[in-house]
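For reference, chains read A, B, C and D in written order, and residue numbers begin at 1 within each chain.
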Amino acid sequence: MLSAWLPFLIYGVFALAIPASMIYLSFAVATRPTRRTRARVIPFESGVSQGQMKPQRFTVSFYLTALLFIVFDIEIVFLYPLAVQLHALGWFGFGEFAFFLLILVVAYVYIWRKGALDW
Amino acid sequence: MTARLRDYGLQSERLLWPTKGPSKFEEELGVEELEQALGITTLEKAVRWAQTKSMWPDTFGLACCAIEMMSIVGSRYDLARFGMEAFRSSPRQADLLIVSGRVSHKMAAPLRQIYDQMLEPKWVIAMGACASSGGMFNNYAILQGVDRIVPVDIYVPFCPPRPEALMEGIIRLHEAHQAGVPPAYERRQVAT
Amino acid sequence: MNDFAQIPGYVSAKDEHGETTVVVDRAHVREACTYARDELGFAMLIDVVATDYLDWSAKGVSGYIGTATGRDLNMPMTQGLQASPDAKPSRFSVSYHLLALRQGAPRLRLQTWLEDGQPVDSVISVWPAADWFEREQYDLMGIRFDGHPNLARLLMEEDWEGHPLRKDYPIGGEPVRFSPEE
Amino acid sequence: MSATLSHVGRARRWPFVGEPVYEGSRIPPRVPTVLDVPAELTESDDILQVNFGPNHPSTHGVLRLIVDLDGETVVGISAVVGYLHTGFEKNMEQKTWWKGITYPERIDYVGYQNNELVFVLAIEKMLALEVPEKATWMRMLLCELNRIHSHLVYLGTSALELGAISMFWYCFRERETILDLFELVAGQRMHTRYFQAGGIAEDIPMGFYPEARKFVDRMPVALNDYLTLLDRNKIWLERTQGVGLLSADDAIALGQTGPVLRASGVDWDLRRDSPYLAYEQVDFRVPVYTGGDVYDRYRVRMDEMAESTQIVRQCLDKLERMEGEPWISDDRKVVLPPREELHTSMESLIHHFKIVTEGYRVPAGEVYVAVESPRGESGCYVVSDGGPRPWRVHFRAPSFAALQATATCSQGTLIADLIAIVGSLDAVMGDTDR
């Protein structure tokens, strides 16, 4: 059982080690400022920032675009297992894949014609 | 035994001018202070090497020197050879502030705020006569030298400095940092 | 070229170095500019300049006897005799440089004379370009333009006192040290 | 977008104005340079105020735009300038005429030869000094090279902002050859201080003509490279066409001059309409487009670069036939006598002494001279009291007028288009703040 999972384990170790080392180094090697640290906290507004920006409401069109992105992006998750097992599934798998894409294209054309994409 | 800075690997003078004696800023520093700075671990040296080889400048173009600073990124002078072609626009990601041009009093506050927002270790190059000393504008509007508000590491003369002159300043800065010379704000115990 | 006498508030006109300068009374600046734009066809306001003539002819100036057509070569320079330039009507002069987009690019300079503190009508309604020109002259020279919707400092900082380009405003900067002693 | 390259012929329609870009005027009613947020938007507090501040990569230099954003569209804008105010005019009042010639170059530090030319022409106009022909032609050549140099810097940086990063390296390659020519002639790449009141400071060095010939042959090929890179690039066309509209009447009302005016359909170029130097003896065409948007300003500047190359070629032909002619006027009251003459003649020594210590004197009077700089009409208003120092010097900055059009051009545009508009107005901050 272990041998089946060994590559995954090695991959996981590396996936943990590299970010951890970066985080550690950025603390160990960093030189901390001692004085005048107020400037670090306030946002960078090309030099003329007065202080913390008051919380702003964002218009709904940002939210709409974000949702559309998610809808069309998550389908990749379904394509990974298909890609791995495509030789086993053969033409049946390809048919399923085509049908799945067809639905998405219909959805895409619908929102395109509805005008949700242009700002 | 007064060891020359040259013995610690500062080669720029030797390459360009073999017969030249120790440069001014070796005396200005004195050997004891450097001795103490150099007695450091190799990790520190490795970090210094890494910091030197990827010192990203901040696009702080003010006046005519900014046009010459732009031409350094061009293909003929090519700052990429020193790992510096990524001109960062936000001070959070910049290590080196090249003040290129004349600093007016209205621009002094933003300049100081940008310098404060840069993360350590940070360096300042006063490029051109106007940034170093107010240049030919000795009047009400211009700050007579940017070192009145930020500690400056390297002053580059001329108006505007040729790209080679600015690169000489940059090479000097790299060598000084590699040899262990601390940045200006530590050397002069000024507010960071 | 029609003469400029019909310009409302016309005071005098002079032709020097090939340029016509029409001096206009301070109170009629806006009518003069509207007339210049509509009747005389000066469609573009190129520039608004204020000049400070404080103690203009106080100290004599030894120099060429400048004639209207420029230097007179065979008239020797004044050997030490201080020739003081002709006196000016009052301290400040505001000149409006106008340009007509026509054949030969005719140009005109409408000039008004005013003392310190006297306002001038803003010509923003005639040419929108005057907005920043007038704000700059207010900021640097202290000329108040009535009717300007947003007359504030443009080039200097908001809390800057004094108007730098006036003759009584010191040049500022620092004395230059040529040797490290003092 | 109908393109007309109006010839220098006598038959001319004044001033040719194409079909208007939009009806009426889009200049903000209250203050021409400030776009106010419409009333109904101010209550709904999702207006985000953003500082395109002094240290921003896309504002060429230290311009600060306070932008009110509703989502991505720009609903309010007001420009704050003055971050590079250097007090040129105050400093020049303290300097003699001779020393003052080196200041104007630093005003518009991208089109520096034209600025220096405008101050020198003002001095010569007051002195009624005639300049030898060789100097006039050499000045024209250097100013045209400087126009190409300035348009290359415009093209490199504004294309860089819109994502065409490789344009920067292409344009700066040609720019380096121009700066080599300046260095060959005057010893320094920028701010050459090569013009003197009365002509040019030094004679033209030996190797200049072949080098300039090489550049003039190389430039059309380089221009072709830029066109193939940009002209059919869908992203570039999408980002620039129909963006930042400015109609002819608004451009004239806002005092626009130069490429911004010619892109809005007004056929006006000082080099042809009130010729100075020797522009009437040179054959060139003035590009006029009627689209009034960022794309047409780009096309005006591209055609101007081609025309300037032709002018440089004609200047070279003329100059090569003028070997050995005087390059500076011999009026000893203004121009320094040559060195060897000092050893022999007493008068030259006195003239030399007077000019060097006290500076030459300019007769009393006031003068306004205008020149077609790469950004538009760059003028110089000089008042002299007859003494060795100017009484008042004022420079009319084309970038100062160009920035007044930001409020008019950026109505209802997206924030990404704002970067293209500010780039297309090609405002140099030193010129704006003086």
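To be clear about the criterion, contacts are C-beta pairs under 8 Å (C-beta built on N, C-alpha and C of every residue); 3 or more make two chains touch, one makes a residue touch a chain.
Predicted model only: the values in this text are computed from it and were never measured.
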More Cb-Cb contact pairs, comparing C-D against B-C, go to C-D
Inter-centroid spacing, subunit D versus subunit C (mean Cα positions, whole Å): 23
So the centre of each chain is just the mean of its C-alpha atoms; given that, what is the distance between subunit B and subunit C in Å? 45
Chain-centre distance (mean CA atoms) for subunit A and subunit B, in whole Å, is 38
Distance between subunit A and subunit D based on Cα centroids, please, to the nearest Å. 47
If a residue has to touch 2 or more other chains to count, which residues of subunit D qualify? 53-56, 82, 85, 87, 90-91, 433
Give the residues of subunit C touching no fewer than two other chains, as numbers and ranges. 156-157, 164, 169, 171-172
List, in ascending order, every residue of subunit B touching at least 2 other chains. 106, 110, 114, 137-142
In contact, pair by pair, are chains A-B, A-D, B-C, B-D, C-D
In the complex, the residues of subunit C that touch subunit D are 16-17, 19, 21, 43-47, 49, 51-53, 56-57, 61, 63-67, 69-71, 77, 83, 85-86, 95, 97, 99, 101-105, 107, 109, 124, 127-129, 131-133, 136, 140, 149-150, 153-157, 164-165, 169, 171-172
The answer for subunit B against subunit A in the complex is residues 43, 47, 90-92, 109-111, 113-114, 116-117, 119-121, 191-192
List the residues on subunit B that touch subunit C in their complex, please. 105-106, 134, 137-142, 144
What residues of subunit C sit close enough to touch subunit B in their complex? 156-157, 164, 169-174, 176
Show me the residue ranges of subunit B that touch subunit D in the complex, using the header's touch definition. 58-64, 66-68, 70-71, 73-76, 87, 89, 101-102, 104, 106-107, 110, 114, 136-142, 159-160, 162
